[in-house]
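Dropping the structures in below, format is structure tokens.
Across the two complexes that follow, subunit A remains constant while its partner is subunit B and subsequently subunit C.
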Partner chain A sequence: MAVYEHLYGAYEGESHSAWSRFLVIPRYALRETFKSKLFTTIFILCFIYPLVAAILVYLHHNVNALALLQINVRELLPIDASFFLTFVQVQSAFAFILTVLVAPPLISRDLSNNALPLYLCRPLSRAEYVLGKMAVLVFLLSLITWIPGLLIFFFQASLAGLAWLWANLWMIQAIFSGSMVWIIMLSLLALAVSSLVKWRVVASGALLGLFFVPTAFGQIINELFLTRNGHLISLWATMKNVWSGLFGLFVRKTGEIRGRVTTPIYDNELVDIALLEPPLWASWLTIALICAVCVWLLARKVRAYEVIK
Partner chain B sequence: MSLTTEIREPNAATDLKQPDMSRARATSWSLWTRQTLAIMRLEIKKNFLSRRALLLYLMAGLPLVLLSALALFPPPNDELENFSELSQVYAAIYGGLILRTLVFFGCAWVFMNLFRGEVVDRSLHYYFLAPVRREVLVVGKYLSGLIATVLLFSITTVGSVVILYFWRFPTESARYFFDGAGASQMLAYLGVTILACIGYGAVFLIVGLFFRNPIIPALLLYGWEWINFLLPPFLKKISVIHYLQSLVPVPMSEGPFAVLVEPTPAWISVPSLLLFTGIVLFLASLHIRRMEISYAGD
Partner chain C sequence: MTGGLTIQYGESGMTSIIELEQLSVTFGKRPILKSLNGALGGRAIGLLGPNGAGKTSLIHTLLGFHPPTSGTARIFGQDITTDAKQVRATIGYMPERDSFIAKMSCVHFVRLMAELSGIPASHALERAHEALFFVGLGEARYRPVDSYSLGMKQLAKLAQAIVHGPKLIILDEPTNGLDPPTRSRMIALIRQIRDGGRARILLSSHLLRDVEECCDEILVLKDGQIAANCNLEEERKANRKFIELETRGGERQAFVEAVGNLGCEYALSGERRIKLIMNETVEISDLYRLALEHAVQIRRLNFKRDSLEDIFLKAMENGNAGEGVSQSVVNGDAAENANGNGRADNGSL
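The block that comes next holds the complex of A and B.
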């Protein structure tokens, strides 16, 4: 058909309700993501630990299996708060790897190809655009963190009985909110880095650096200054404290060391100094601050146009 | 660009009716050297002056900031009050922060971007269209990355020593460094930093060349280097950190779970790392000769 014969045609497809428009973005992004064999392999590997955890839960309640494997039930890990805390920590580590793989091109590709105006000229706000990009990560990371976590929790509840369920009902909230805090922080951080750095590889590198360099730096601060406040600059250590708090396993005093102190009471005397983890509110505040900075960066960078001098 | 002016000599050499092979070879070498230097000049500018260099400066400056803070706000720590314990403190900072984290990530940042950065900038074809042997390009780029990382992390290594020792114990430190074992220890740390840049640089150069998404290999490598203390003796030797740790003047305890092995002597460690670098550069040269650029997807 000749070009001049093309006439304007109104959109005749199904129209989306205003609140669900942002879901168009994850639909296409997820399709793109699963085209990568590397990603699919790592995504499958993320389910190994939940499988192991489910087997452990099963073994706890199956006398025949224990007899067959010649294992005493006391030799198995107890299915309690620390079991689910470990589960959340392990799966969150996998969530970080998935984020490093998936997140960097999410916004950077649109920015480097000047595609943002194409999104924002449609009935989609900037917030919805970011929400749509975030939904990709939230969906994928939920699949490997709190969803299998809750499935294992209910599996254990179904085998242990109602009494166990009632006694440990609070853990549902701990598994869900612990995972969601990590997912939201990771997503915001990754999207902010992706919007700042237009190149995928550089964005991935920056994300890795943001995670590992402050961790090592914080560790050295802890060793040198005889403190545990260095954990506040390490994302992982901060989150570990938050998770421990949610599972009721947070202990502030993690060690003791002899040091020389000069205060109005002690004059250059050797005393035992308690090594205290930062209080829980400080860890929550750190996470809130990181998220706020990321939201601010996203608000600055995600714009339909850019004035270049 | 200076590269275009350097094209003529090989043509002149090939145009000789009666080629004098040794003369032609000598001309080629001098041409390659000049081309390498020209590429290095261009790349060094990028490594030091581009926006990407900011992260490198930040990483190189971290220990200096930390140790300045330590000098200004001394903690109630016996080790830091005792001059003889400072070598242990420095060994911990060097091993835990500088060598294993900052030099590692700094080299990853610089060397992976040497080629991958050109691909994402869509500028690698300018180099490939220039009449330069691709092996020369590899060497030029590698040397430029090496100069950048060696310079910055050497400043970090020496600066950290100076701040830690001289800020609090100037007299003892002066005696230790000018009359005692301090200078040789500092030189040994400097040597380890340089060797780390050489070794990690070669690894990340080839990772950046072979992988479209080099982050996963980098992550695996980081994990491998971190669990090195748990590995059996044979596997320990398949890592850069094992050879570097063998050369560190003040060895650090690796914890109760570490598998203890004899450190590899310097006369094996240093040539091994250099040989490994040579092999990696050779492989990179072989790979780049057949390399075709595809900017799609980056």
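The block that comes next holds the complex of A and C.
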């Protein structure tokens, strides 16, 4: 049927596979996302640190360059687990900024324009719709976190040799898992907020609030009660513990403080109180709980029609 | 571009496209659809009912938006609960409310919908252009849908519903808020799709005129139950036997007697009008032949039938007796027509 015929005709050609249909959503969403100059600029800025890290790795192994720049190799950062831990942390901070820019309109725009029935009346389930929206964030955030992380790792391995690679092979899993845990939690959180709030600005504010308010509140708890358990309600502190655990750098005791304890045993004595980070399993549990709540919220809100009680 | 559908639904092809089997839907403790039973097979099925009757809920259930509390339904033989995706792949849906994807040109919006329906990207753009030209938005297809008028948004919704060439097109209040010319355009498009025979239509509307103009079968819902289900096409054929003539000149008395001799009942009304109940063996051509023999001019020939409004109001009065009522409504209409109480409506001469 030619365009000029203006007739209604059925489609008899081949269909693309059902399992990959949800990938249509991120393809269109990414096209829209990159139309924003602000986003594109920040996205490019996200690659500055990986570039710096790659230069550091290169300098580590280039004697001529070190001699030319008159830098002592020992003064350079060691390329070890802490180097890659810092890399993951820095890039994860950028990932949060990108999420705040990209995520808020992903579902809220469809909700405010009643577009969900249009998606869900097609051979696309609610889970696939959410997966499609999530794929937008997973793709973008992967590009700035674990993908450059692994590239730098293999760059270092190529320069340092096979012995270094075998000794540090476990770090591949740490870089990938550490980044993916953050990406998945961030994506679910952002989509849940987007499904709850129809206005983009409010959704962005809510996302920032969820990040900073519990962190501040947790810090107040820590200071008031001479503890570190307040970190459990801070997304960033919880993730830092998880990342440290994955890179084998988790230290539970992070400080000591002299405080007055009023118990029948100590009777208002001054004692040294160890400041213990919450156990690693508690951080993992917190992340699992956050993800579960987000999935529950998405299951309730992503419906073709709003159910009014 | 490939065109043409392998399955063709001719006029006589009244195979069921939607089968309802004790279909019940409950929201909380409130029953919305109550044990609906029936089979719908028209080329265009009108879904009628007062506000809150369950029309949209039935559509949403067929689309899998609401899970049935009990019972089920089948579309083209596929169960809506177990084969939900396959069912939705055969359906195009035009929602009642404004529905679009913001900050996207109409052609990209329709293309996205085509791709989500399974059409590869390489074909989807072409299909989107075709659908938009078909509904009359060809010149405005690069404008964002947000900037469209209400009428244009309705047409864009129709375009996204048909872009993937579905076998069943569900239209929920397609003429809502349209001005008369746009409404006529929408109705013409629906009729064109229906007459093309490539897709069946389920049209939900509270505007009886829309349904009457487009549909050949109706399902009337009241309080979540079927109040009437009748085939308008058969109704119209049945009512063909009741005819009103307007004549001029000639031997009028001799003409009606001759018609009477053919076995038709007649009654004279005023100086020019003749009401006839046709004998089954008599054709319209016989009337013209007799008119010619008696030099009578037939200036107007009307088939009289019950209007959809009559059927609807009777269904509302009769209440919820399910299919029994629907049958009695059909028969009742015919009986009333035979008594000459039906509303006059222009026939298609």
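Methods note: the second predicted complex is superposed on the first by the 291 of 309 C-alpha atoms of A that agree within 3 Å, B and C clash if a C-alpha of one lies under 4 Å from a C-alpha of the other, contacts with A are read in each partner's own complex, and residues count from 1 in each chain.
Quick note on the criterion: a residue touches a chain if its C-beta (ideal position, glycine included) is under 8 Å from a C-beta of that chain, and two chains touch if they have at least 3 such contacts.
Keep in mind the model is a prediction, meaning the values are calculated, not measured.
Once chain A of one complex is fitted onto chain A of the other, the partner contacts of A:Glu14 are limited to subunit C, with no touch recorded for subunit B.
In the overlay built on the shared chain, the residue A:Leu226 is in contact with subunit B alone; subunit C does not reach it.
Once the two complexes are laid over each other on the shared chain, residue contacts for A:Trp199 go to subunit B alone; subunit C is not touched. Residue contacts after overlaying the shared chain place A:Leu120 against subunit C, while subunit B stays out of touching range.
Looking at the shared chain after the overlay, A:Lys37 reaches neither subunit B nor subunit C. In the superposition on chain A, none of the residues of subunit A is touched both by subunit B in one structure and by subunit C in the other. Remark: subunit A residues 1-4, 6-16, 18, 21, 24-25, 28, 32, 109-110, 112-115, 117-125, 303-305, 307, 309 touch subunit C in the complex.
Across the complex, subunit A is touched by residues 1-6, 27-28, 60, 63-65, 85-86, 88-89, 91, 93, 95, 97-104, 108, 112-113, 115-120, 123, 126-127, 129-130, 133-134, 138, 160, 162, 164-165, 167, 192-193, 196, 198-199 of subunit C. Considering their complex, residues 38, 42, 97, 100-101, 199-202, 204-206, 208-209, 212-213, 216-217, 219-221, 223-227, 258-262, 270, 273 of subunit A touch subunit B. Put simply, subunit B touches subunit A in their complex at residues 52, 55, 59, 62, 66, 70, 73, 75-78, 80-81, 89, 92-93, 96-97, 100-102, 105, 108-109, 112-113, 116-117, 120-121, 213-216, 218-219, 222, 298.
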